[in-house]
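Consider the two complexes below, in which chain A is the common component and chain B and chain C are the respective partners.
Let's look at the complex of A and B:
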């Protein structure tokens, strides 16, 4: 418990107290309040009085039940296939030592930095009714129906397996090969070693990444909006219920149905699984030696990985090629018209998107660092709660956030509907968790003894913060900036509820172009967006190097 | 950040009061590329400045309702009459009988002047001429032509709950056939549909690209997004009669500039203003206005009389029935 003395200490540091109050107020107003509003509205079908009729309808009406089970089925399938693919890929890179590891790893990060629905766009370009493969190559002989469950399964697997891959790569790397070596020297076969040693040790990672991919698939909005056809999923159903039928209570109810499984998955993953990890990194030196596999195993893994990367390249390549064609499916002659359109008519979208993302990025980064500092370095009542709240938007699907902001900020005193501010706020708070997490991780790695040393040497606590803590947090800060910027540029699921005529986003324009079958235009928009993201990536890497402590030390030595 | 928002708000308020005399605040549901055609011309003709916020028609309704105690805009410009009828019922509108609307048939304006129509849009069929040739069929000229076996899996339109166009289709079928018969008809039509879109005009491009053979949409969208772009698309109408929408405008009750709003309504009904709608292939309601080449005139199409009041009121129920019996029907 907090002693009187501890509370008094906080009281004696007014800046600290102000910071804590500021963070708590912001989290309550911009994280808790909107989500509470969604829940509140779903219990208020007529605008006054509370009842459960919305939920009754959600479970009795077929057109509400279907999206719920469709989403679950899709989420489970994408998570299972995605984790399998991710595991094979991670195993190939960490254990089989396939050639071209850097190349494979880079390719697997494409789906992470690109707008989420580019893969769906590629699927339509390739396999749609006017698709390159279905229409041009096979001349309609083979009828592939990509609109629906199977199309979504393929597209979302490609979009979200990198999450599983990155988690599992970390896990597999942390398993000490000495354990496998021991198993082999005890005369177990390689096959048996894998199933008895490697696989059980990677189980926590498998479960964690399964839950992550499951949540991502449940929350996905862009791909189903384009590809779901008559296979309705929750995120799209909630969106249509609100923007199509103006039945806000039902849309809110659907959003709550979407929120529950993703929240459960998040908390199981974070607070239950993370405790069960089998730590094999002991700090004892263990040369990371990879047991050389047989030629055949190596060949098979290389082929499988190459196939996977081949598909990624095929998809992104198709969108790139498509962005230069006149009229996809009809006239494939090359032209720059689409890019001219993007920079001419679409320039408003570009300007707005860049402006909003650029404003939101530093705010999110700074707030993330402040929160991380408070959570990791300071003792105050409710510290754990603040941490959990700051991570909450991570678990909440964008659709729920968007509906929440729509409901919470359309009335006085916070009348923000239609303003730039509401979009900026969505960006700031939606991507805050990464800043917090990065910041906390960075601070835990910094031994408080360093700060104490500075204090002992007579520096004030402010000087210590600016001279010691801040520089050490810089890499985490810049990583958070990059993440927020990329995600803000490519966001769709939450902001689609709060965009207005005055403030338009590229992603919304892309969805509009796809809906109107202006596929080449959508492709050009997508690549301009990817271009911005890549530029931002290099810019931030450069700045990070400029400011990073380690780099400065290196230069000072040179 | 909140402080910044506050400062922006104060500045906006200051700016709006300072210029209140010359500025008309408008909510429009017209396309972002369309409203400037009329608004800029109005500004030029009258010297009145117009501040425009664009939203979908349903959003305008929600916004006007939310702001009922302190309206921020004076005029609601564009979008189907249905939503403005709903606003009238909720007591959100101010009646105004424009002298320029006198000659208009009653179907195109509110009898008490709460809303006034300014264009007319008819539902039509867009067909891909090349595919019609391949299939050896004529463009459909009857609702029942759509049930021909040749068109199986080759028709698209939008969901009635996401698109005003598709709801107009549903309403016109109900007006034409009676409700039960209309649903029986759509059950058969459902088997012909390749897929449903979210937006009403999307099917026109799909017909143009040959993804489907026939699309059901508003005639002006068929011309603007299909024929005028050079796609092999032809426009036809059902001989039994087709549905229509009336694009409406109205004065928001208690809005800051009622006199300017009246001026805009008067101006929008002049032949000069109505001629501008040619660019969007809309059918003007002023009989003196010109019609774009390739477009249809008022008398060309047989329309089903539609009771917008009724269809505005029954929308939720009809859509519920549509979802249950058609989309999720066995």
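Let's look at the complex of A and C:
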């Protein structure tokens, strides 16, 4: 009865109805259908009829079994080390008041916005066969094997600890320092206060970030592709099955094995852990009061943070330096040849990548905002399902998405293989969840009464959205645009399955250079890419200031 | 007389937050009407369903059952933007990205009025609420009281058939609230907009309304003018919720059409007024409601009840006493206390009740 009334209401607002239908259809076609296709193909080893022989093979043959357990082992290790590092870093910044907080925080965000395999590239430049440290400094006296588990552990930890750091920073900030002060006034030592008050209160954040980093490591494709050596992981194994051996059912099966743990991690994190949290993260962080720690504690935390940031700088600096060398490991004389190559031969890659990312970004942003609005503000049957679907690609590893698009859109009526559109679609729907999440978060901060007031004053739902909601969501919208643009520019795991001769991407070019051992060239490509990202960042800040109402109010005050 | 706004057997059921299967009847079959130009308040403790009722009238919630009529038209299926209502929100809900002028003009723009007419109306309304010269400010630059006025101006500029006010003064501090209460009263006397006003503050309800609808647990307990609600509460809840009250056990000795004789447990008798059409019967057990401000100290021989003083609080314009009697502790309020010789703590006193301060409700 109630549902019926909801439908009746929506029926009276045709624009709203159209938006709901549009979002639902798009999510079904471009999110559900490709993933379903992967599952479907894994049950069809011979192309017709269904059976489980693929999965039987995956669990009995050692060649197939290894990647699954390798991925799990790597994921668990990276998550554990990454969270530990992230926690120490977050604690240093929020609770120890180390000097240079802004600097440390900025440095920690490098790995998030840079192309996914720059760190792996740096690792090869430093520790590879012609590595600067292994070859030049140690002259091969110490045998470091960078290809394999240990190399991946170091590289992925560096790449993904910032995720843990950001989550934990938020959690630690929202713990009221008064609780720690209360503990101290009740005669607990600082050490005891940490273990009995601060640590238990941050536990939900620790578990959440562990699961996040675990998923990221499981889904990582760029780093293992160039660094895994004989240590096969699921994402790369699935890729090689499909593009190397053309065994689509087996590749699909491996992708499904990759999908299951990441989906579990995602849903546990989202629907179970989020309810366990002691603190509402949405609230304002309490005023930053810091109990001044002893000189020694401060010195230790500063040193540890400096060491960590030092490694980040070493890695990124090495790639930067490498981009100006003639032939890494052999001839380190400086040259601009690599950049000349990038802007000459590589200019096609640059143009294509920029073009595709620029097209995809606004679509993803607008669709994300519309979805967020519907989910957070409108009552309609299946609202929760739409929300879950829109966030799903967040949890689905790029490899699975890529295989899905490859399988789903190679026949009529959706014959998209080889077109620019398929790449754009991958970008739009893969980065949609961030827009949805940002939008929903922004909406939850806007008093719903503000929109009700607009309706009450005679505006339609549609007009309310454009006049009231959209301007208030602008900051979230631009943040989503930035994220989508950066991620599209640096994407590899999903798009590698759908790129064609016609449309090429910088990331693919970098991989090509690495495979040809043209490390200096790869480094130059990487830095050009980083340059684009930095320009986008400044552009975004400028546009945000131009359009944000807070900025207008600030100017009106002045 | 036909009502301008009429609510019939309205029910609103929400899904409970605690468990999926259970439901909450926030509004449980209420009916009332508002005459044209009248201001009525929905008064009750939090969770009584008053705000939900208002939101149902405004179109922000869909009724589970029942009907809402405005000016003879059933509006159940009209969305808020189609209803002839304007709402003043508890949080004001001012658009933070628009200036005061833009906020007030917003609704008129939705009506597609020509821009010079919009300008005239907005400036007129700004004058009505006393906010001239602030039209270029953003809400973030205004004080709480000013924001409140903008919210009000934004609603009345629409010349709604019905103005809905959801605890509009609850976010103001005590002093400003009092001031705005008086201003709202003046404004309502002047503009005579048919209004429904939600509040949990009985003083606000008493000051502003033509009639008060007292609600509890999703149901209406009493609808009456402020004077009659105070004078003739229909049950113990209303008597206790509106104003202060002492409750004494007693019995009806005699009844007449509009009054009765009460017999207290100590055998003392007193007369009390009753509303016309009451249904009290001789011998019935009742609760006697005695308002603290209608009790005076006297000799024991002339007293309705005797006791001794256990506390005394002096607040300037009034003094309040607690007197322990064999019926429990009673509160006594004396105005202009400096003019009287008042008892001190532990003193034995007699209390006498003025007839207008006594009401009778059914024993529960």
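FYI, the second predicted complex is superposed on the first by the 536 of 558 C-alpha atoms of A that agree within 3 Å, B and C clash if a C-alpha of one lies under 4 Å from a C-alpha of the other, contacts with A are read in each partner's own complex, and residues count from 1 in each chain.
In the analysis below, a residue touches a chain if its C-beta (ideal position, glycine included) is under 8 Å from a C-beta of that chain, and two chains touch if they have at least 3 such contacts.
Every value quoted in this text rests on a predicted model; they were computed, and no experiment measured them.
Engineer: Determine, under the contact definition given at the top, whether A:472 touches first (chain B), second (chain C), both, or neither.
Structural biologist: A:472 contacts chain C only, not chain B.
Engineer: Just to be sure I read the superposition right, which of the two partners does A:460 touch: chain B = first, chain C = second, or both, or neither?
Structural biologist: So A:460 only meets chain C here.
Engineer: With the two structures laid over each other on chain A, which partner does A:557 touch: chain B (first), chain C (second), both, or neither?
Structural biologist: second
Engineer: Which of the two partners, first being chain B and second being chain C, lies in contact with A:515: first, second, both, or neither?
Structural biologist: first
Engineer: In the overlaid three-chain picture, which partner chain does A:333 touch, first (chain B) or second (chain C), both, or neither?
Structural biologist: Neither partner.
Engineer: What part of chain A is shared between its chain B contacts and its chain C contacts?
Structural biologist: No residue sits in both footprints.
Engineer: Quick one: which bits of chain B touch chain A in the complex? Just the residue numbers, please.
Structural biologist: Its residues touching chain A are 1, 4-5, 8, 32, 52-56, 58, 61-63, 66, 159, 161-163, 194-199, 201-202, 205-206, 208-212, 225, 316, 319, 323-324, 327-328.
Engineer: Using the touch definition from the top, list the residues of chain A that touch chain B in their complex.
Structural biologist: 61-63, 66, 128-130, 147, 225, 229-230, 240, 243-247, 327, 329-330, 363, 410-411, 416-419, 421, 424-425, 428, 500-502, 515-518
Engineer: List the residues on chain C that touch chain A in their complex, please.
Structural biologist: Touching chain A from chain C are residues 58-60, 62, 64, 77, 79-81, 83, 85-87, 89-97, 106-107, 110-111, 136-138, 140-141, 154-155, 158.
Engineer: Can you tell me which positions in chain A touch chain C when the two form their complex?
Structural biologist: 1-2, 5-6, 8-9, 12-13, 447, 449-450, 452-461, 463, 467-468, 471-472, 549, 552-553, 556-557
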